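What follows is a set of structures to go through.
Presented sequentially are two complexes of chain A, the first with chain B as partner and the second with chain C.
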Partner chain A sequence: MSAQTFFIGFFGLAAVWFGVVVFRTHSMVRSALALLFSQTALGALFLSMQAEFLGVLQIMMMATEMSIMAIFMVMFMMDPGGLGEMDMTHQKRLSLAAGFVAFAAAVAAAVFVDWGPVAGVAPDAAQQTHDLGIELLGRSMLIFETAGVTILTAMIAATAVAMPAVKRIGNK
Partner chain B sequence: MTTVLVLLLLLAAGTYLVAVLEAWTASGRFRLAGPVVAGIALLGREFIVPRKPDRIFFEVAPVLLLLSALLAAAVVPLTPDLIITDLATGALFINAALVYVLVALLMAGWGPNGAYAMIGGWRFLGQLIAYAMLIVMPITAVVMRAESLLTTRIVASQAGLWNIVYQPLGFMLFFVAAMALAFLPPFDLPTAKAELAGGVEAEYSGVRLAIFRLGRLALIVTLAAAAVVFYLGGWQGPWLPPWAWSAIKILAVCATMLLAGRAMPRVRDADLLHWCWILGIPLALLNIFLVGLLVLVLP
Partner chain C sequence: MNVELLLALVTGAALFGVGIYGALSQTNLVMIMMGVELILAAAMVNLVAFWRYLHPDAAAAQMFVLIVMTVMAIEMAVGFGVAIARFRARGSVEMEEAAELKG
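Moving on to the complex of A and B:
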C-alpha cells in the first residue's frame, strides 16, 4: 500500500469520524468545530490526491464558514453549552432512511457513472491552478457566476431580514 | 531537514526580539533579558484550570495558535533557498494557515467557561469579518503582478520596483489588516486588558499562557515576514547578503506595527467593521483595478 493510499484512507476516515462527532456532542460550539475538522480532513484528502489548490482552498474557506456557523448555532439553540444534554438528533427513522438513500445514491453515482479514462499522472500544482482558472472563467463561467449571484442575493436578503423594522421605516 | 531547523531557530530568535520590542514600546524600558524572566515566571506559576471547562478546546487553543503561525511561516522565503516548502499555492496557503488563528481564539474564548474570555473570542470573529477581505484582496493584487502564487516568484516579480511603490494602497490595507489579524493595539479587541481583563487570555495561566503568548508573538513575526515578501521586495537589497535584508526588513515591519498602535485608542468593534466595509473594501477593489491596469499597460 502506497503512502498516498494510506493518507487518502486516513483522511477519509477522519472526515467521517468528525462527521459522527457533530451529532455525538451536546455543545453547539463543539458540534460546529467538529464539522470544521471534518471539512478540514476533506481538504487534506484533496491534498493527498495531489489537488493542491482545491485542498488549500477547502481548508481556508471552511475555517471561516464553520466559525460563523458556530455563533449562529449558539444564538439560536436553547442550550448552546450542552450542559442540559440536549439530544442533537430528532426524527430518527426519517433521518436514517434519508441518510441511507443518500449514501446509496452516492455509491451508485460513483460506481455507475462513466468517468472516462483515469489520468495516469496528475499535472503539477502550478499547472492545475492555471487550468482551474481557465476553466472557471471559460466553460464554467455561467455556473460560477450563477452561484455567485445567488449567494449574493441570499446575503442581501438575510441582511434585510435581520435589520430591525424601526430603522427601515425611519422617523426622519 | 536542516532548512526546517534553521528557520525554526530564526523564527524563535525573531519572536524573542519582538517580545523585547513589545515590552519596550509598552513600558519604555529596553531589557534584553525581559522575555526570559517573564517566561520563567510564567512556568513557575500555578497552572489553573477553571471550573467546568471545555477541556479539549482549553488545551488545544494555545497550541493551535502557535501551529497556525508556524504553518504560515513554512511558505515564507528568507532567501531564494531558505524556505521550508515553496508551495505552488503559497500566497493562498498563508491565508489558509492564518484563518486558524480565528479558530484558536474561538476555542480559547469558549473553552475556559468564563464570561470575559467568551466575549473576547466572539469579538475576534467580528474582527475577522472586518479584516479578512483586506488580507485576501491586497494579496490578490500582488499575485496579479507576479502571475504566480509561489512566494519566491512574488519576491522575484519585485526586482525592478517593490510592491510598496507599485501598489502603495494595497500595502496600507494589508498592513492595517495584518495588525488586526495579530490583534495588536489598537485592534486588541479579543484581549483588551482594560475592559475584558485579558479577554481570551484571562483564564489562562502558567505554561498554557506561555504557549499562547509565544503563538501570538510568532504570529506577529510571520505576518511581518509575509508583508516583507508581498510588498518590500523580500530578500532584495544592495551590499548586504539576502538573509540580512530579510531579517532587517522583518524586524523593521514588526517595530512599525508595534509602535503604530501605541498612540491610538482601541477601536470599537462596530467602528472597525464599519470602516473596513465602507472604506476598506472599496479601496481594495480600486487597488485590484489599478494594479490590473498597470499590469496591462506597463511592459
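Moving on to the complex of A and C:
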C-alpha cells in the first residue's frame, strides 16, 4: 500500500467520521467544530490527491466559514452547550433510510461504472496553478465572472433580508 | 479499478449519505445548512478525484471545485440572512415552527 493510498483512506475516514459527529452531538458548538474538522480533513485529502491549491484553499475557506457558523450557532440556539440534551431531530427513520440509499447508490455507481484508463501522474503544483489561472481567465472566464457576481448578489440579498423590517418600511 | 479513486469516491458517497441524513433529520435551520455543506463537500471530493485520476491535465475540473466552493459560500450567506430574518420575526430558527411557509 502506497503512502498516498494510506493518506487518502485516513483523511477520507476522518472526514466522514467528523461528518457523522456533527449530527450526533448535542452541543451546537461541537457540531460546528466537527464540521470544521471534517472540512479540514477534506482539505488534507485534496493535498493527498496532489491538488495543492484546492487543498490549501479548502482549509483556509472552511476555517473562516465554520468559525462564523459556530458564532451563529451560539446566537441562535436555545441550548448551544447541549447541556439540556434536547432532541432536535424529526423523521429519523426516513432520513436514515434516505441517507443509506443515497450512499449505496453512489457506491454502486463508483464500483460498477467503467471510469476508463487511470492517469498516472498529475502536473506539479506550479503547473496546476498556472493551468487553473489560464483556465479561469480564458475559456471559463464567463463562468468565473458569473460566480463572482452571484456572490455579490447573494451578499446584498442576505444583508437586505437580515435588515430589521422597521427600517425597510421607514425607507419606503 | 484504481484503489485511490475508489477510496475517494466511497468517501464522497459516505459524505453524501451523511449530508442527506442531516438535511432531512434536523429541525434547526443552521443544522440543515450543515447537512447541505456536507452534500456539497461530497461533490467536491468527487470532482477532485476525477481530476486527479482521470483527467489531470484538464484544469476545468479544478475550476468546477471553485464553483462548488462559491455555491457553499452563497448558501451560507443567504441561509444566515434568512435565519436572522426568521429569528427576528419569531425568535427561533426551528423549522417545525415554520409550517406557515407551506402556504
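Just so it is clear, the second predicted complex is superposed on the first by the 142 of 172 C-alpha atoms of A that agree within 3 Å, B and C clash if a C-alpha of one lies under 4 Å from a C-alpha of the other, contacts with A are read in each partner's own complex, and residues count from 1 in each chain.
Just so it is clear, a residue touches a chain if its C-beta (ideal position, glycine included) is under 8 Å from a C-beta of that chain, and two chains touch if they have at least 3 such contacts.
If you're wondering where the values come from, they're calculated on a predicted model, not measured in any experiment.
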Superposition on chain A - do chain B and chain C clash or fit: fit
Touched partner set for A:Phe53, first chain B, second chain C, both or neither: both
Touching partner for A:Ser27 - first (chain B), second (chain C), both, neither: first
Residue contacts with chain A in the superposition, chain B compared against chain C: C
First (chain B), second (chain C), both or neither touched by A:Asp124: first
Touching partner for A:Met69 - first (chain B), second (chain C), both, neither: second
Partner chain in contact with A:Leu36 - chain B first, chain C second, else both or neither: first
Minimum Cα separation, chain C to chain B, after superposition on A (Å): 14
Doubly contacted chain A residues - partners chain C and chain B: 53, 57, 68, 128
Touching residues (chain side chain C, partner chain A) in the complex: 1-22, 24-31, 33-35, 37-38, 41-42, 44-45, 48-49, 51-57, 59-60, 62-63, 65-67, 69-70, 72-74, 76-78, 80-85, 87-89, 92-94, 96
In the complex, chain A residues that touch chain C: 4-5, 8-9, 12-13, 15-16, 19-20, 22-23, 28, 31-32, 35, 38-39, 42, 45-46, 49-51, 53-54, 57-58, 61, 65, 68-69, 72-73, 76-78, 88-92, 94-96, 98-100, 102-104, 106-107, 110-111, 115-116, 118-119, 121-123, 128, 131-132, 134-136, 139-140, 143-144, 147, 150-151, 154-155, 157-162, 164-165
Chain B residues touching chain A - in the complex, by the definition given at the top: 52, 54, 56-57, 87-89, 92-93, 95-96, 99-100, 102-103, 106-107, 110, 113, 122, 125, 128-129, 132, 148-150
Complex contact set, residues of chain A against chain B: 27, 29-30, 33, 36, 52-53, 56-57, 59-60, 63-64, 67-68, 70-71, 81, 83, 124-126, 128-129
